[in-house]
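What follows is a set of notes on a single structure, which appears directly below.
Order as written gives the chain letters A, B and C; numbering starts at 1 within each chain.
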Amino acid sequence: MALQSKCPTGPIEQRWDKHRFNLKLVNPANKRKYEVIVVGSGLAGGAAAATLGELGYKVQCFCYQDSPRRAHSIAAQGGINAAKNYQNDGDSVYRLFYDTVVGVDYRARESNVYRLAQVSLNIIDQCAAQGVPFAREYGGLLDNRSFGGAQVSRTFYARGQTGQQLLLGAYSALERQVAAGSVTMHSRHEMLELIVVDGRARGIVTRDLKDGRIETHLADAVILATGGYGNVFFLSTNAMGCNVTATWRAHKKGAFFANPCFTQIHPTCIPVKGDYQSKLTLMSESLRNDGRVWVPKDAADRDKKPGEIPESARDYYLERRYPAFGNLVPRDVASRAAKVVCDEGRGVGPGGLGVYLDFRDSIQRLGQDKIAERYGNLFEMYHHITDEDPYKVPMRIYPAVHYTMGGLWVDYNLMSNVPGLFVLGEANFSDHGANRLGASALMQGLADGYFVIPYTVGDYLASVKPISVAKDVTKDHADVKAARKAVETRLKSLLEVNGKRTADSFHRELGKIIWDECGMARSEKGLRGALERIPALREEFWSNVRVPGSGEAMNPELEKAGRVADFLELGELMCRDALDRNESCGGHFREESATDEGEAKRDDEKYCYVAAWEHQGVDKAPTLHKEALEFEYVKLSQRSYK
Amino acid sequence: MKFKLNVWRQDNAKTAGRFESYSIDGITSDQSFLEMLDVLNEKLVGDGKEPVAFDHDCREGICGMCSLVVNGRPHGPQEHATTCQLHMRKFTDGEEITIEPWRAGAFPVIRDLVVDRGSFDRIIQAGGYISVRTGAAPDANAIPVAKEIADRAMDAAACIGCGACVAACPNASAMLFTAAKVRHLNLLPQGAPERDLRVMKMVEQMDAEGFGACTNHLECEAACPKGISADFIGELNRDLATAILRSREASKNASAGG
Amino acid sequence: MTTRALSLTNTTIGKKMVMAVSGFVLFGFVIGHMLGNLQIFMGPDAINGYSHMLHSTPALLWGARVVLLAAIVAHVTTAVSLVRMNRAARPVAYAVKKDVATDYAAKTMFLSGITIALYIAYHLAHLTLGFTKGLHYQPSLDANGLPNVYQNVVSSFKVPWCTAIYVVAQGALSLHLYHGAWSLFQSLGLNHSRYNDALRSSAVAVAMAVCVGFVSVPLAVLFGVVK
């Protein structure tokens, strides 16, 4: 099957306009006859549900949290990019496009990235109008900062809670539609199966997490905006409930999973402390604007107190290796460099898995008050968690899994290869290639939800007859009943194993395998080993997991076990994808593909494609489909931050 | 460290709850409170018992999901922190810890320590938004907002909707939540056109949900993990009074005009 | 959103405003009453003359009584309705609850309110309606032929338990006034973060002043300062 990206052609700045003009429209009077399901209520899902409701579609929106306002978009700290050029520093849509294509290491489509840069302008307008309290200058106009090494100040922010404020904006728009009756919200519901009838996505099967009730919901289109799968690593900066279940179920029903090995390891997280640890905490990347990263030059010094290590014995390795960008190199580069020094035995803190992020010089230069004004809440958070005062001793940081660039394959319309199934935000693979840049995730989630899907879903719906009119699919349809039955059987089998190990213990073990072999550095040997260990672990899971309680009540252990079961399948696909891609690009570093200096080496001859995997069965090898990536505007070249 | 835990267990909203006691050992002071509960649950599952259900998600103090009353204080003894940000170093070895759910009629218990906070969503549905159609917004810099106003709106908008204010209030009142939500939008010029209807509808819904009245104990402010000021409650009161006066005026003018 | 008339007093916030406004009226009365009482230290003529002035100006006396009665009715009925709502809002109580911000005065508003209500009944029976005259005092006229309020007061407060009732009641009143005085600004939305601390301190000062002003009279009598 050849993948059709449906990207428009012609001059890049006209492609989206031209494409929008060519999209079919649904007659306003007919919109209410169409039902659309949106799974997930974060920036992408919340924005999509609100906007589609506003357009007149009948929308059902689902989330596993107790309120749509709690989706994990809320945790994003830093900011959101937009090519507004309010600072008059030379920004433009083209520059944002260009920076992004290069930053994602040429593994995303030019057309998609350009559209993202274009609609970034509308996003800021929309959010400001919704009442998002962005930071302002004294003149009352919006403030910007430079973020993640960008050469222009294009990042809009609301203190250290930008994600929260943007999500509350989308949430308020969503609740407005709930009040208007156009959106029905189903909180504490988890999607457990995609319903496909005659090759088209026609609904979902959910479990009500409050009482365990299994429900079938039919619709004319299904939109998945269920976030990323970083929790496959067990420890990540994701929320505890983040999972791959919705997209994985869709994958098993035929949707291709693209670039699953592209995961982002964020360089500035608080290091792991002990075996009991349940999650990792991110410290905003903005800290690298004023903090200097170092480790002792000599491994023998690593247990000394940082204050006892003289300047001459410190290795400011990012400044040394990348003099042009210094501490502000992109996330993937900074993370890998930290791993290198820790692998050399120079890491600090318990287990030697940490590097210093030191504010001593900035405090001397700017004064403690200035630093407190910029980062006060982050310093306080660090102090709470570690019981160490970062004004007095340098912070210790270590990379942690933060975001997944891979996801379900979608075309330019954000539709997967299963007609009627759309995928938005982090759940799809589309715009971040092999490395997401800072302040870009919020931008993509809102772009997809507010400004792309409202047009493209209409194009699809205009070509199909609504269920409410055609009555061709009912809850008694054989395929619908089979989907429901599959869910019930699966839950029953999880409850019946009655083994000895908890779901968490399997999850931890899986996470360790993936982190070691498919984390910051991957090698053929390691990946092959993982591909043997993961199926064995999966087999043990299904014969030895213990899930207490029943399916007919709130049962968090059952929820967890179901998610771990899916991670155990996804993990294998990630390793397979990483093995296939014998090049280093973005967050994917293959030890076999490095320069003499140990920098990542991309191989555009062989791997300038999107790897889209087709499921063939749990213990069968998936089929790889390749979508070639072409670069007409940005010349392919090695990234360099030297 | 070891602890004796008295944990509220309740099968569902219809049955009565009870306390159960558990002893737990081998906890380190760096562990978070919820990680301590994870250990308890692993142990319960291992013993073939049902684990304690509690709400939690981001575990970094921003999603507002976690909701435990620890030794009589919502989110526990640490100031300006959520339960997930609480660490065991705040407790002494051997201490007895009582863990209860948020208790309010408007927050019915779903199971154990999990409560239903849908009433907060319904307060937002009543008017906690600015009616702006997607795509209809003017340029973001078209409406300047004084920095002081934007900062103050942000102070209110920092609310994470956890409900600790309700849990802490002797009257189970939702005034701090509602005040923060109303004031965030009413402070901004973008929110001005709807400010009167917004405050009236949201207060009306708040009352309909069965929350108590504010009697100015200020427990809400002390329990709020985001330090939201009770001054917003006074401002909410003022907004409501002026809104009702203005709406009377408007309806009088409307009827006079025929 | 659709427009529909919302009646302020139907809302919890409106009820609190009723509490604040009626409380403010009663507060004013309390201050006036206290200043009137302090005239006892100026001798019998002053206070008896003041009493006579009030009684010979029925418009003033009854006007004030009607306003006070309305304020009391509003204050008490609203309080009862709020207390019922507040109790219903938490059907299952906490096993352990630690309060960290509130104070004794705030927590005992209902209790101090009831104490004050009972005291008012006794006080009216005692000195206004004279139901207890046989008990504490024999009504008489002073040298000017006016009702001898001064004498009534002095002979009553020579009885220690009568003084005790008044002193306890003034304690409850001052606690009630302290919380009410700053809280009414919050309820009416007249607060501002810049003045909150000053408001709190003023509330303490005013409540103390009222307490001292009122109890000074019975204590002065009991200890023979006023004879």
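Here are some notes:
Keep in mind that, in the parts below, contacts are C-beta pairs under 8 Å (C-beta built on N, C-alpha and C of every residue); 3 or more make two chains touch, one makes a residue touch a chain.
Since we're looking at a predicted model, the values are computed, not measured.
In this view the innermost chain, defined by its CA centroid being closest to the centroid of all protein CA atoms, is B. The most distant chain from subunit A is C, comparing centres defined as mean Cα coordinates. Annotation: 63 Å between the Cα-based centres of subunit A and subunit C. Taking each chain's centre as the average of its CA atoms, subunit A and subunit B sit 27 Å apart. Each chain gets a centre from the mean of its Cα atoms; for subunit B and subunit C, those two points are 36 Å apart. In subunit B, the residues that touch at least two other chains are 131. By the touch criterion given at the top, residues 11-12, 28, 30-32, 34-35, 38-39, 41-42, 44-46, 48-51, 53, 55-65, 78, 81, 85, 87, 89, 110-111, 114, 116-118, 120-121, 124-126, 128-141, 143-147, 150-151, 153-154, 157-158, 160-161, 184-185, 188, 190-191 of subunit B touch subunit A in their complex.
Residues of subunit B touching subunit C in their complex: 6, 8, 17, 19, 69, 71-73, 98, 100, 103-106, 127, 131, 170-173, 175, 194, 197-198, 200-201, 203-204, 206-207, 210-219, 221-223, 229-231, 233-241, 244, 247-248, 251.
Of all residues in subunit A, those touching subunit B in their complex are 47, 50-51, 54, 65-70, 72, 74-75, 84, 86, 122, 124-131, 133-142, 158-159, 161, 164-165, 168, 171-173, 175-176, 178-179, 185, 187, 210-211, 237, 239-241, 273-274, 276-279, 281-282, 381, 384-385, 387, 450-451, 454, 500, 502, 504-505, 546, 548-549, 553-554, 556-557. Subunit C makes touch with subunit B in their complex at residues 1, 3, 5-8, 10-17, 82, 85-86, 88-102, 106-107, 109, 179, 182-183, 185-193, 196.
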